[in-house]
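Sharing a structure here in structure tokens format.
Lettered A, B, C and D in written order, each chain numbered from 1.
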Amino acid sequence: MTTPLDLHGVIPPVVTPLTPDRELDVPSFQRVLTRMLDAGVDGVFVLGSTSEVAFATDAVRRRVVTEAARVVAGRVPLLAGVVDMATERVLDHARVAADLGADGVVATAPFYAVTPREQVRRHFEVLGERSPVPVVAYDIPVCVHTKLDADDLVALGRDGAIVAVKDSSGDDVGFRRLALRNRDAGEPLRLFTGHEVVVDGAYLSGAHGVVPGLGNVDPAGYVRLHRALQGGDWATARDEQDRLARLMDIVLAPRRTGGWGAGVGAFKAALVLLGVIDSHQLPLPFEGLDDADVDAVKAVLTEVGLAA
Amino acid sequence: MTTPLDLHGVIPPVVTPLTPDRELDVPSFQRVLTRMLDAGVDGVFVLGSTSEVAFATDAVRRRVVTEAARVVAGRVPLLAGVVDMATERVLDHARVAADLGADGVVATAPFYAVTPREQVRRHFEVLGERSPVPVVAYDIPVCVHTKLDADDLVALGRDGAIVAVKDSSGDDVGFRRLALRNRDAGEPLRLFTGHEVVVDGAYLSGAHGVVPGLGNVDPAGYVRLHRALQGGDWATARDEQDRLARLMDIVLAPRRTGGWGAGVGAFKAALVLLGVIDSHQLPLPFEGLDDADVDAVKAVLTEVGLAA
Amino acid sequence: MTTPLDLHGVIPPVVTPLTPDRELDVPSFQRVLTRMLDAGVDGVFVLGSTSEVAFATDAVRRRVVTEAARVVAGRVPLLAGVVDMATERVLDHARVAADLGADGVVATAPFYAVTPREQVRRHFEVLGERSPVPVVAYDIPVCVHTKLDADDLVALGRDGAIVAVKDSSGDDVGFRRLALRNRDAGEPLRLFTGHEVVVDGAYLSGAHGVVPGLGNVDPAGYVRLHRALQGGDWATARDEQDRLARLMDIVLAPRRTGGWGAGVGAFKAALVLLGVIDSHQLPLPFEGLDDADVDAVKAVLTEVGLAA
Amino acid sequence: MTTPLDLHGVIPPVVTPLTPDRELDVPSFQRVLTRMLDAGVDGVFVLGSTSEVAFATDAVRRRVVTEAARVVAGRVPLLAGVVDMATERVLDHARVAADLGADGVVATAPFYAVTPREQVRRHFEVLGERSPVPVVAYDIPVCVHTKLDADDLVALGRDGAIVAVKDSSGDDVGFRRLALRNRDAGEPLRLFTGHEVVVDGAYLSGAHGVVPGLGNVDPAGYVRLHRALQGGDWATARDEQDRLARLMDIVLAPRRTGGWGAGVGAFKAALVLLGVIDSHQLPLPFEGLDDADVDAVKAVLTEVGLAA
């Protein structure tokens, strides 16, 4: 049995496949998970931003964790997003996720209500005290409009409130600083980058792993990338990273759907094209990509050799 | 029995009083509501931003609507906030609120996931189709980081998806435009400003009412203001508005608490000072104002003659 | 001879007409100015944002002030924008403008380099000390990405560093606060709104005048609006304001040009359609509106009765 | 004689030392430049953001280029910033800089007036046509509030309008994409990162060089870093980068001065402490760091071994 304290390596945020009428598509979900595990990922993260956590009802959230726990079966750590607006609501999700088998939970800063730095830190302190499983801090200002402070994160790590950081902040300068502060403090935190196309640079800065949305499409590529980086083979890593960066262009392919729907719509369309899931449906108020956008995604897959 | 289609006038967003250990303080809540009704408000709005909807668990949300429905007892429309990240989650709240007695629900644009204009419009269309009670669109970009489009709002009103707009966008230019568009379309929408200190200007632009957080502290003042504005007595209205604008300085008084906590902390502190509620406790991760900040709030109350 | 200390009423920011090959079109410029003066404006403001100050070379800036001073000939105050990135550069412009006949200069917060509040205040203090003519503070965060602080502005007014504020901040709540603070301090500042469609509300809040870009197109309308507001005839004012707000839709008409070019392009296109200037050319890197966009502007003019 | 077409390696943006009464301190400026050249830099960049270009009058700008050209004497390329609000003003600066000896000019997107993407591209096209020396595009959204588009930059490079990009956008994901696009187009552009603490990652992505403000303080460190990166010695590079990242903490040391003044104030204070320049004075409206902030800078220098 794995323990969530040993987070490292490739931990993709798993898409949540839907049927055309927007029910959870359990067989497709199982195939996505199994394909990741077969590729050698070091953990899985359900109910992240890519997993449409913001759209999923509480009922769907419960089923997702339940099914994931069944498929993963303790082979790797199972992280569950507990994304909600403030502390008590997040804790309600954390208790449910832990009950259903999550080994750790991933929480953002509070959002909706404007929350100063001091209260953001307090939020994670309380989560650390009351969550039944370890907490990963999720730094994603594009969604929550708050950047987590590096000194606060390291202090939270030292105090045991959080065990890791998933950095999707788009701030590589801040990530370097966080990594140095973490090292000076004895590495209380495991650091993960969420940026699919600059994983090599993040490892130079001190990342221990990566949480790549694109890992839904090419989990084996990220496993290879991680192993090259761990082995200090920077030239190989850079080439693999360049290839994955080209593949990431699928998220730029959609012309008709923008915002969140373009990225996850492209991931799902690619998974349909690769035969992994049955439908690229998106949750309301989005729609799955139209045919032209699917063709654009396919063109990118073909260009990088993932489709005929 | 009122119907939610007749929204107009003063509809304060009601604070949610807590005990020092952060339980819902029902007797205090009843006193706040009763005082508003006695002052002659035209509706009440529970679970708004001021009402700490972002912080309240689903269990607390249910109790708030239940208690409000009991106190209001159909005398004025009861609106309930159904603030959540995306369409399905919002609908789950709407069904609960309607079951518990809300006459209408107040919904924002989706947040957390970046959502383009087209999908924001679709969000409200679906809410209009599926919500069991009428929907008010809540335009609050400071919280959700999306500004609602005036043309879309009027179209949604014409199609019956929404019945009113609560504008807390801080965009008076856009509000004038919305009011003109709405008039040209035959006034399908009732328009409310959420900005406590420029209600007079908003009525010149075409507002039908106001949703003032400060109406927790001085509901009678807002009722007087509304009546003067309705009667075309602009000079009286301006003076009342200037007085209320000075009172609104309580939200600038706190030095130790910032962001959301400064404003609602000040409202609650004022209500304690006025003897209406028992505690100015705030939900996690905030704390109620400290003594110095309470004194600063008191100084403003004294200056405008609301406290000795 | 007027003195810049008596700023009030309608002070339009004057467009800078160009020939098709982007030279200053002096005869057109003179016609715009003369038409404003004939309409009864209370001042003119050259080299504002609408006047394409950001695009004009120093040579063009000099010619604009020179020509304006010749046309105005002391009949009303002549204000000149001295928009530049920091204090010393602004002062260089102020000395030139004063030499060439400006009665006052209009300066923004520093921009380009991130400048904290304390240094913004110091900037205006130094301008007040060293500018040869009085300084008007120009609050335009959409351009300079800093909002001027109300308390600082009143303090600067009390100390004599600035004599007036042109508020284009889009923050009507802040404007009300500024007006109250200014009144409490004995009205050291004259307050102007730059928002064409909410002038009535701004006067309720305490504005002494308006700096309307749309005053290039309909100066007489703004003079009527100002007089109705001064006379306390709010109903007449509101109707005139509603008419001008509809006219302002010309800035939304362009489909092919966006950003700054849409607004000023529409003003210039309207002035060509009204026979006041010869060309709607815009400075590099913009182009004047294309034919379809000009037609869209014309349709709005027709709708409000300004064109056949 | 070098040609600006051969831009690569370490090209620091040179601080502009002032006397305590804010005159250009020519001897100190010469010492900064000479120390950089002795350290082996591959070019120098005067009148960048770090060089206080936003604050410098036109007279000071001329003297800076003149003095730099004299010191550099053709040994390495001399780049000059031509930062101004729009195309014609930028071209005025470019002509002066070229006359005075600059080998290339560095221009940002237009700022102050909101400028859509199409006009930003046109801006650089016109600069490319009319500037007497080659143009480097400077991507610095924190100052100009526009992000340059990767596809547009590569197209501008292919068309010969620009020869290089200095990326200070803080967007490492976008930089990777730019580098891949540039490679696919046959490398028309030389790519430079302006982010001092993630140079190693930027080179993995495809940077040809670095423009480090911190290179004022430790030019030799950046030369070592560049050489290690060029030689593929990633482990050595990472260690040097980590050391420089720690040194960069000097910009976080100031407590009393914020914004632009904190960073450049720290660079200048360090240069005084290292005996390179005479005064850490800053341009109006800033003041040089106070004693406590200088001590904080000194503590960082000591920690990384640059001061006793």
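Criterion: contacts are C-beta pairs under 8 Å (C-beta built on N, C-alpha and C of every residue); 3 or more make two chains touch, one makes a residue touch a chain.
Predicted model, so just to flag it, every value in this text is computed and none were measured.
Trainee: Do chain A and chain B, two copies of one chain sequence, contact each other through the same residue numbers, with over half in common, or through different ones?
Mentor: At the contact between chain A and chain B, which are copies of one sequence, the residues are largely the same (over half shared).
Trainee: Name the chain whose C-alpha centroid is farthest from the C-alpha centroid of chain B.
Mentor: Of all chains, D has its centre farthest from that of chain B.
Trainee: In angstrom, rounded to a whole number, how far apart do the mean CA points of chain A and chain C lie?
Mentor: The computed centroid separation for chain A versus chain C comes out at 49 Å.
Trainee: Quick one: report the Å distance separating chain B from chain C, using the average Cα coordinate of each chain.
Mentor: Those two chain centres are 35 Å apart.
Trainee: Please output the residue numbers of chain B that touch at least 2 other chains, ranges allowed.
Mentor: none
Trainee: Going by the touch rule stated at the top, which chains touch which?
Mentor: The complete list of chain pairs in contact reads A-B, A-D, B-C, C-D.
Trainee: Quick check: in the complex, which residue numbers of chain D touch chain A?
Mentor: Interface residues on the chain D side: 170-173, 176-177, 180, 195, 197-198, 200-202, 204-205, 232, 234-235, 238, 241-242, 245-246.
Trainee: Which residues of chain C touch chain D in the complex?
Mentor: Per the touch definition, chain C meets chain D at residues 49, 52, 54-58, 83, 85-89, 92, 110-116, 119-120, 122-123, 126, 142-145, 257-261, 283-286.
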